[in-house]
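In the two complexes that follow, chain A is the common piece, with chain B as its partner first and chain C second.
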Partner chain A sequence: MNALLVLFDLVLLAGIVGVAWRCLASTDLFRAVVLFITFGLLLALAWVRLEAPDIALAEAAIGAGITGALLLVTLERLRSIMAERRSGRPHSPPPDPTGPHALLRALHDPLPEHRTFLPALSFALVVGGLLVTALWHQPQSVGLEPVVDAHMDVSGVDHPITAVLLNFRAYDTFLELAIVLIALLGAWSLGRHDLIPARPAPGPILPGTLRLLVPVAVVTGVYVLWAGSHAPGGAFQAGAILGAAGILLVLARPRQLPMAPAGPLRLGISAGVALFLLVGLYGLAAGHGFLGYAEAWAYPLIILIEVAATLSIALTLVALFVAGRPAGDDT
Partner chain B sequence: MSLFYLAAALFLLGTILLGLVRVLRGPGSGDRMLAAQLFGTTGVTILLLLSLALEASALVDVALVFALLAVVAAVAFVRQHGLPEPPDTPIHRQPPDTPGPERHHDDR
Partner chain C sequence: MIPANPEWLPAGSAGLVALSLGVAVLATAWPRQAHRIGLLGALAVTAWVLGLSATFLHAGPDPETAATRVALGGWEAPLGLMLQLDGLSMTLLVLTAVVALATSLYSLGYVHDRIERRQFWPLWLWLWAGLNMLFLSGDAFNLYITLEVVSLSAVALVAFTGTAAAVSGAVRYLLVNILGSLSFLMGVVLLFGEHGVLDLVLLEARTEAGPTERMAAVLMTAGLMLKAALFPLHVWLAPAHGSAPAPVSAVLSGLVVTGSFYLILRLWMGVFAPLATPAFGILVGLLGVGALIWGSLQALRAGRLKSIVAYSTVAQFGYLLVAFPLMLVDPGAWRVVVFFAVVHALAKASVFLAAGTLQHAAGHDRLAELGAVLRARPRTVFALGLAGVSLMGLPFTGGFIAKYLLLEAGLGTVLAGSLIGVLWVLAIAGGGLLAAAYVLRMVAPAFHRGRRDAGEAVSPWMDWVPLALATVAALAGLAGVLTLNTLALTPGAP
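== the complex of A and B ==
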């Protein structure tokens, strides 16, 4: 049994390294995207083997589902932009090598290999050396697991990871939610983009699939959120699943839907951070410290924060996917 | 019995690595995408087998999420390559001076 497990891990590791290599070395961008989707799948299996089912759940939702669709749509946009650039302006002056589109061009016309080999090799050596040095001096310790286990009875939940994320180290999770919000603000500050066009589906398969899948995805998202209090799951995973359901709707809508009204959208997107901050300030005022809870209130407060965070993460993922500010608030 | 489950999972992992040939060789986009979709199905099975072999029931949830969300990439692919394109989609742009209610030009 153990030898078989070791063999499984070795094959998995070889697969991950091989797929990552082919993904980075591929000159065909579509092939690279498909390899990246495969990479996400193998990575989720690796998290399972590292006994981190929480991260495997997040990787399954984000890596296998959302990132693949995001990269495919990005590729579609990139192609149409490049085609227009090549056909539209044949006599345009030579482009500025440091201009905002230099990165876009570099993707399509990469430097010759002999010019990138030495920098790439030295970069890999430096990063590899740093990693080896860091791991070499890793102190032998059991980590914080006994401390967490000893305090599980005051955390308000039964799953140690949720206890760490939303009680013992709530500060980290609060800042993570803030980073997600800031990422969206960054995307919005780049201006507005054309929506992915709506296309009517020829035939019953796509609408039928959606009609079956989206409700199941919503139920699964709520289930994963609920499971977070006693088993792997929680707000980030549930938000990713609900966000994927939203992305499915955006991708496959047969006709233009009205845009979400800007006010409620902004309220929903910031609800997680806002509620977390309010609860944290209340804890400060009530004498439990910033982001501390009274023991009796820990469970309902954690659930409240997780529900708001799930809503915000799902909305943020869909908004990031659509990319660009909602219409009608340029003031 | 868990030995059998583990051996089956290892075999399925081997089929994924074998299927990578289709992703690398293609020749068409559809071949590559379909191979990745089949990897998703295989991944669900591997997760279910591992959950039995390692007695970790949480892996069933991971398999469920996988089975649900592998379709997102397929839908993104199908709407690019499988659907007819209406003539006036903003992504296939008209000349920049065509007025349009929903179109915004940042750098042109």
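== the complex of A and C ==
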């Protein structure tokens, strides 16, 4: 049994390194993205083997799933831009040698490898070697586990990771939510969204699959959110699953995105941080400290924050996939 | 006047974080009123910071009673994370408030388009909130997250105009930031693995000069140097700062870069203090001399006004590096370094704002063709010159006091018998000459004979705010003693 597990770990390790290498070495961007998604899934397996199921869930949902979808849609956009340029509008201005089009071109004609290969490899080997040396000398540290365990009964939840994320270090989690929101604000500041250049998928297969998949995704998302209080799960993972369902819906009808009303959309994406902040302010006013809860109220407040955060994360991820700001936002 | 009560400090620090976050969230949720929320918020946050600093100074002169640690959510470290307010963070919070208020007022005129305004203000308010949180954070992992908030909103603001140059500058800036953040995070992970705590004070008590600390120090310092554009990791700075909208350039060169430098200083004065050796100090000092020479030469060669200013940031940050070996001889010199960074931030922000006004009026910022506009806009040129004089370090300006104190520390090193000290003194004095050369390059066309053309009309905000901020920069010398006294209220620092 043990030997089998060791064998599995070795195969997994070899797979991770191999896929990472193929992903970096690939000259075809589409293949690189697909390999990157595979890499994320293998990494999630590795986290399971390291007995960190929370990170595994997040890695699979966000690292492989959502990031993969974002990369693929970016690639699709790049292709349509390049095709437009190649079809040769006669009066188009000459390309700016430093502009984003130069970036696009660089993506399509990768640098000759020998120029960057040796420096990159030696840099990676030196830094990696030093890191391994440093880790080798590190004592077996227990970290904060005993301290967290000692405070579990006053945290309001039963899962230590959730207790740390939503109670003991709630400030960090609040800022992580904010970072997702800032990323969207940045994307929106660049322009209004254009229609996703998707190839319409004719036939009954996509709508039929969606009819099955979306309800399953919604139930799974809600379950993962609810499970977060006593088992691996939580707002980020649930938000990613619900966001994936939303992305599927967007993809199914690429030519007629439902026009999102601006006000509610803005409220939706900021609901997570807004509610979190309000609860935090209440804590400050009531004497529990900023972002603190009264012990009796910890559980309901944490659930409330997580529900709002899940909603905001899901909406934000779908909006990031669509990329530009909705037309309604400018009126 | 109500007597300030030191017991307000914890609530005041947490309240500052809450207030600046609240303003940012409100502007995000209600973009239609974002500029009004932003203006009111800017005034409120500035007033709050000034009130906090008055309370803080009143709590002195004992550093231990003035410095404050706030347990967020009531959870003390190591379980929870702590905010930390001391002389160093208080000084930088006040600096941030002054520069950010000026930038906000300037933006009222600069970002006038109805739709652009809605995109600009939320991002800018998040950036400001991020800076406030960065200076108040007392926890290694939380520092990483606040750095991310700052970097991400800064990247979005660089790309804001959407031109090809701005977007490619922003993409470069993004990649550099990610690399710097990852490097920093690896260092945090190493420290946490070794000591099992993230709180800076607890970490400081546990660190010794071991291999993990060395590796963490290298990773975190390299990452932050990349973010602070310290020579030789500065190559990304000029395209990003030069192509961003003027108020954004002002904040990037004045505050964001200073924030990364603040972290380097904070770490080396605390957690990594046992690792600092004279050889390390000399290496950093030599990098500083390189930055001074290289940055100045680039500034002398650059053809665009904003590029000159951007390269001068690279050069001026050389002084901060040159100060490291001085700090090893005279530990008290760190206060001079911070004062220099404060004066530089004020002057640099006003130079960028003035350059933005000129660029707006002329429609471009090619120095060779700016003469007519420069001659027709004496107020802006005066602001440019006044801030430039402070950068050069001519007498009676803030820059003069800062450089005088730096030179004093450098001469102290020479007197203490260090030969290499001569190099530091030469670099500090020579850097001022180079600064004079590129500042004069910017304002000289105003004194040539020739056509005058005020160019496009600019709003009064854009006309007066650079001048006001430049005056603050020039007069900052008067606040030198106050700043140094505030900085002395940092516990554990010499």
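The definition used in the following text is that the second predicted complex is superposed on the first by the 290 of 331 C-alpha atoms of A that agree within 3 Å, B and C clash if a C-alpha of one lies under 4 Å from a C-alpha of the other, contacts with A are read in each partner's own complex, and residues count from 1 in each chain.
The rule we apply is simple: contacts are C-beta pairs under 8 Å (C-beta built on N, C-alpha and C of every residue); 3 or more make two chains touch, one makes a residue touch a chain.
All figures in this text were calculated on a predicted structure; none of them were measured in a lab.
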Q | Partner chain(s) touched by A:I303 [first = chain B, second = chain C, both, neither] | A | neither
Q: Considering only touches as defined above, state whether A:A134 meets chain B (first), chain C (second), both or neither.
A: second
Q: May I ask you to decide whether A:A60 touches chain B, chain C, both, or neither, giving the answer as first, second, both or neither?
A: first
Q.
For A:A314, using the defined touch cut-off, is the partner it touches chain B, chain C, both, or neither? Pick first, second, both or neither.
A. neither
Q) Does the superposition put A:I247 against chain B (first), chain C (second), both, or neither? A) first
Q: Name the contact category of A:G233: first (chain B only), second (chain C only), both, or neither.
A: first
Q: Kindly classify A:G143 by the partners it touches after superposition: chain B alone (first), chain C alone (second), both, or neither?
A: second
Q. Once the complexes are superposed, what residues of chain A are shared between the chain B interface and the chain C interface?
A. 100, 191
Q | Touch list for chain A against partner chain C, complex | A | 96, 98-103, 130-131, 133-135, 137-139, 141-144, 147-148, 151, 167-172, 175-176, 178-179, 181-183, 185-186, 188-191, 266-267, 269-270, 273-274, 277, 280-281, 283-284, 288-293, 325, 329-330
Q) Within the complex, which stretch of chain C touches chain A? A) 11, 14-15, 17-18, 21-22, 24-25, 28-31, 70-75, 78-81, 115, 118-120, 122-123, 126, 133, 141-142, 145-146, 148-149, 152-153, 155-156, 159-160, 162-165, 167-168, 171, 186, 190, 192-197, 210-212, 214-216, 218, 239
(Q) List the residues on chain A that touch chain B in their complex, please. (A) 1, 4-5, 7-8, 11-12, 14-15, 18-19, 22, 30-31, 34-35, 37-38, 41-42, 44-45, 48, 51, 53, 56-57, 60-61, 64-66, 68-69, 72-73, 76-77, 80, 84, 100, 191-197, 199-202, 206, 209-210, 213, 216-217, 220, 224, 227, 231-233, 237, 241, 244, 247-248, 251-252, 327
(Q) So in the complex, the part of chain B that touches chain A is made up of which residues? (A) 2-3, 6-7, 9-10, 13-14, 16-17, 20, 23-24, 26, 29, 32-33, 35-36, 39-40, 43, 46-47, 50, 56, 58-59, 61-62, 64-66, 68-73, 75-80, 83-86, 89-93, 102-104, 106-107
